[in-house]
Amino acid sequence: VVHELRARIRELGVRLGKYAPGAKNAITDVSGVRVGQCTVRRGASGPRGSGVARTGVTAILPRGPQTFHERVYAGCFVLSGAGEVTGLTQVAEWGLVETPILLTSTLAVGRVVDATVKYMLRHFPTIGGEHEVIIPVVGECDDSWLNDVASHPIEDAHVFEALESAGDGPVAEGCVGAGTGMMSFDFAGGVGTSSRMLPGGYAVGVLVVSNFGRLADLRVDGVPVGQLLAPRFEGTERRAHVHGSIVAAVATDAPLGPPQLSRLARRAALAIGRTGSYAAHGSGEIVLAFSTANPVPRAPAGALPHGSFLLDAAIDPFYEAAVEATEEAILNALSGAHEQDGVEGHVAPALPLGAVREIVAAYAEQKEQLRARRA
Amino acid sequence: VVHELRARIRELGVRLGKYAPGAKNAITDVSGVRVGQCTVRRGASGPRGSGVARTGVTAILPRGPQTFHERVYAGCFVLSGAGEVTGLTQVAEWGLVETPILLTSTLAVGRVVDATVKYMLRHFPTIGGEHEVIIPVVGECDDSWLNDVASHPIEDAHVFEALESAGDGPVAEGCVGAGTGMMSFDFAGGVGTSSRMLPGGYAVGVLVVSNFGRLADLRVDGVPVGQLLAPRFEGTERRAHVHGSIVAAVATDAPLGPPQLSRLARRAALAIGRTGSYAAHGSGEIVLAFSTANPVPRAPAGALPHGSFLLDAAIDPFYEAAVEATEEAILNALSGAHEQDGVEGHVAPALPLGAVREIVAAYAEQKEQLRARRA
Amino acid sequence: VVHELRARIRELGVRLGKYAPGAKNAITDVSGVRVGQCTVRRGASGPRGSGVARTGVTAILPRGPQTFHERVYAGCFVLSGAGEVTGLTQVAEWGLVETPILLTSTLAVGRVVDATVKYMLRHFPTIGGEHEVIIPVVGECDDSWLNDVASHPIEDAHVFEALESAGDGPVAEGCVGAGTGMMSFDFAGGVGTSSRMLPGGYAVGVLVVSNFGRLADLRVDGVPVGQLLAPRFEGTERRAHVHGSIVAAVATDAPLGPPQLSRLARRAALAIGRTGSYAAHGSGEIVLAFSTANPVPRAPAGALPHGSFLLDAAIDPFYEAAVEATEEAILNALSGAHEQDGVEGHVAPALPLGAVREIVAAYAEQKEQLRARRA
Amino acid sequence: VVHELRARIRELGVRLGKYAPGAKNAITDVSGVRVGQCTVRRGASGPRGSGVARTGVTAILPRGPQTFHERVYAGCFVLSGAGEVTGLTQVAEWGLVETPILLTSTLAVGRVVDATVKYMLRHFPTIGGEHEVIIPVVGECDDSWLNDVASHPIEDAHVFEALESAGDGPVAEGCVGAGTGMMSFDFAGGVGTSSRMLPGGYAVGVLVVSNFGRLADLRVDGVPVGQLLAPRFEGTERRAHVHGSIVAAVATDAPLGPPQLSRLARRAALAIGRTGSYAAHGSGEIVLAFSTANPVPRAPAGALPHGSFLLDAAIDPFYEAAVEATEEAILNALSGAHEQDGVEGHVAPALPLGAVREIVAAYAEQKEQLRARRA
């Protein structure tokens, strides 16, 4: 398969928000965070039962492999709960993430939880003995329009590969890892990431598995790109009975505590809305946020550790950065994803980059003209 | 004071979303809903302590004066809890509103609750005797940048006037009622309303008291109007230490139950984000939603009444309508509000309608050209 | 009126839990906390409309008068939301209390909010100008079975008296302040308090306004006192259509943060259940918790203050103490309250102390015998 | 292994609450509900790594095998979120359960989710094609003190056996199914069930996997049984660093909707408190509630089905029944569980039935004497 060369949304001329991205414009700009992915792509398009696999696993390790002993503060927000992130109840209660965060296909959640348990037991054999048991954090979107989910394509080895290949470099986007069979706004979607740098040197990074939205609703920095592209895709078969889901992970190395992180997660949801979501009934839209600062040791000395937390009075830039990076991550998922075929002859077209570039340029020029006229 | 003639955002060429508004394009398009307002405007601009009043009360009666006996199903969503709607705990628990909903200035909440209790006791003298006591639903935004809040301008009579003048006709917008001293995006803001009609003849209507946002963030249907207007207002004094709040009431005559209404309220929050909010730390952003269908009698016969509720599978259009109407209601608050002076020489400029009309037209033309080129 | 001499439940032989109470066995054992009360008792029993007042105001000042500038971390839990604590939305969002906490009669909430605003403006005239506006925290229970609520007995002066008389000494219990017209388990109820001292010198203190429960359900440290007393009160008129409410405030001087305090509040709810509540539909059961450690200044220097917070791993004793002190506070409200008459000839009998003492002693002896036999 | 003959707590003379149990005094008294269990018990006591299995799976089928097409209304309450029930986010959002509910060991959750997916795909092959994917509801407690969790004892076949053996008869209690390796109050614990019949012929049934609590805190209908038994077990090795968890499922055939069911779940939490829980930091205490009335078809005809729901005004007996049945279910888990050995020589003693019977009888006699004296 030869794919059109893909791009990041920024390369198409889109400048979202006011803060600059980090060096990688990825969640890995947040110090400590590593990402690994395993893409499971098997078989040419065929009927259900033929074992066509368009799926995978994406792993986020908040403080690399040490997250079990260096637990990170976390929070979450459920914009629409028609989805699943295992372990979310405990995240909400304790405000901690103590395992890697994994993303995958809905029907593979059990398998991925199970493989993560095995991985953790291998690396931390005191689990279940000296140390308490763990509850992995595994989120999902539904890739069943392209992926033959009933064939159970995800195996333990895929999870291990995602976890063990995790690094802090650039992050592949689009139809990779958990994003392989995902769709957004009726285009191929999947994994997207972005980051923002804030005064004080703090980073906010976001990684999404984007699988939601309807073509006509797509907005790129406010521009109604979906409406403009819609005629071109008239007659294209689309998945109908659901509008998918999105799981977003927001990371920061700023010293935020659990309630602040939950509020950060809530702001990321606004970005989902800005790209065109109205949080459809069937669309699970869940955001997890964590901070790599102030790790909480598993066996701390004393009951009263000292720490520094950002004052709420200084938190607004983080809210803005979370909105900006989430919006850009979703668009990167689209611009990074190539056309994807799957079961039953289904095809998810790629977002047409040339057209988007042209539309965005026209709007930018219009804005510039208006700005000049008003000055 | 002679004000520039104000307009509704739709009259400036803005067409938000895909559903048509109702006859009044107001929350009163929802059958049963009445709105009354009392504007408290007193004194020319002067220092704090001089008693300058720029404030008021807006009342929403879900089923007119009968709401006490014909309680309505309700839900809510708190996007940012830096604000107050009294009675919200009970709304969340019981899923019912059984009093009028009032909106006012933050420091007047107590007074308005108290006056509402008096009003209810006068109309329903069995309260506290044969019938249980009631907890009025009173929301607020902070108008202290224009209004001399320490002078306690709101009195019982203002609350009674708002309640007793309530009607089901068009709703005055901008600097009226609770909106009198409110600001949005550094412009005069205040009361705004809008509605949408859905298949089946159902209406979704929204009324907001809009008091949030920063100029540069304002978006009108995605168009970065705030950025384009910003140079013109450089040097204008703005309120700094807070970014205000918004309280939105979403009404429908469709038969939705409490969890559905809470979810509707959550979608309205997405619209707040689309206009430019990132839910600043100091900005309380609270949405209440209710249905005038299926009223719950205070003394029902039997324990098992029959009812019809909309299936969740049919709810998406309501989510979209809530987003559309909330976005338009916020913009109507801006386009409806005239320049407003207040304490300490503060002045909230009016949204410049001509400039907005021009910008919106240019973008619409741009879109039309792109659409033609793509066809 | 000459009342039977009242007692604290501990004086009747009840020893709840394993931690010792503080010196005052009151919320004021928590350093910084002050309590003030104003009892409004007027008129002999008469019909509604005769202005019989059995009501009042109780004020808790978390860090005395300085709470506005030394805001305290706070959390909350709503066991049953059929009640009201104004400002709760903001407490839940920011995790802060920045005003006194007031408790009163349901229909007086507006009046008390309004008077508290006046009090705050008088003491902190920068509110609404240099400083943001405030949202007072005012909780309620419904005293309308005894109190002629329609006569609006609470006035500003009562609120001021409660606030200005606040001290850190012993706290009057039973039919005083907000508790004046309250009932619990069909007995006169009202204000109760208790505390526990924990290793490290930390205190946990609780104050309740107790107005819930049905006679037959009353348990005293597990002993079915209600069932044993029930025959004696057969035929006594009881309020019927509601089972009241309870608002509890849990205070500690241990360095707990907002999520920890919300969890502490949740444990206090278990104590409400232990005394005999099943959280009846009409009974609002709301708990607020705050810590006087780590005050958050209104205008902090820098964005990254250092602080020490208790590790979750050390929190269990606080949970136990919250359960113990809440259970004892509720029982103190009962044992401290004398017989109370009110409107329409209603009479709330006093918990018969002699009988309780006798029952408790019999059970204690039984337990001692069993313990001896088993040893 | 020859075990002491076990009993139900009611057979020991305990009469909890005022409503009568159903015919089976089990969750299966609720029409439609089926329960199946698979006990996995392997190997004599040995060190970790020796593969000692003391674990299993318990399955609850709300409307038998048809739950996928006849989805049931559901709600939930998290008293302490230090645990996991997968799918809870969706239950909270949609208010529906559409899969069996499974209970198991913490580290087996992934395996059980995966096996349930396989089971569902086999029975409903349209999942992932014509029908949306599903998210199984799988709850857990931690049995690692007795069970060698690292040996991954649970396999797909165990899950299938639990599901396929499900019936509507009496339910085995104690160390069976998911309860096999569980402990409560330092005794062997596990599965317990109970029910209550209400006016109108409705049933409320509860099934718990009980794995929480500390010996000294155990209360049986208020009687401090734990304190009285404590001396006898002095020196017994106990698990230390956690206090376990409890997952409770509350079922009813009364027509309750999702918010009512969530509130029912909240009341069940009070019962957990009554038996002696203070919801320790490490103890996940999660309640799920569902109604078998008003099933929601997967492909309903029309958007406005008619239904009958219980009025909130009639709900109190259900709250009381949920408290009573949950308390009794927990005690049944204890009285039903025999002594259980496990890894590393750990032994969970059985609750000594004779002693409990004796204590309960002494207290009952005491109560009778006091009642007689007071009459």
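Which chain is which? They are A, B, C and D, in the order written, and residues in each are numbered from 1.
FYI, contacts are C-beta pairs under 8 Å (C-beta built on N, C-alpha and C of every residue); 3 or more make two chains touch, one makes a residue touch a chain.
On a predicted model such as this, the values are computed, not experimentally measured, just so you know.
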item	value
For chain B and chain C, chains touching each	A, D
Farthest chain (mean CA position) relative to chain D	B
Chain pair, B-D or A-D, that carries the greater number of C-beta contacts	A-D
Whole-Å gap separating chain B and chain D, where each centre is the average of the chain's CA atoms	46
Chain A and chain B, separation of their C-alpha mean positions in angstrom	33
Inter-chain centre distance, chain A versus chain D - centres from mean C-alpha coordinates, in Å	35
Residues of chain C engaged with two or more neighbouring chains	80, 93-94, 263, 312-313
Touch list for chain D against partner chain C, complex	79-80, 219, 221-224, 227-229, 231-232, 263, 266-267, 269-274, 277-281, 312-313, 315-316, 319-320, 323, 355, 358-359, 362-363, 366-367, 369-371, 374-375
In the complex, chain A residues that touch chain D	48, 78, 80-90, 92-94, 106-107, 109-118, 121, 125, 127-129, 132-136, 138, 140, 142, 144, 148-150, 152, 241-242, 282, 284, 286
Residue numbers on chain C that touch chain A, as the complex places them	93-95, 200, 255, 257-259, 263, 296, 300, 302-314
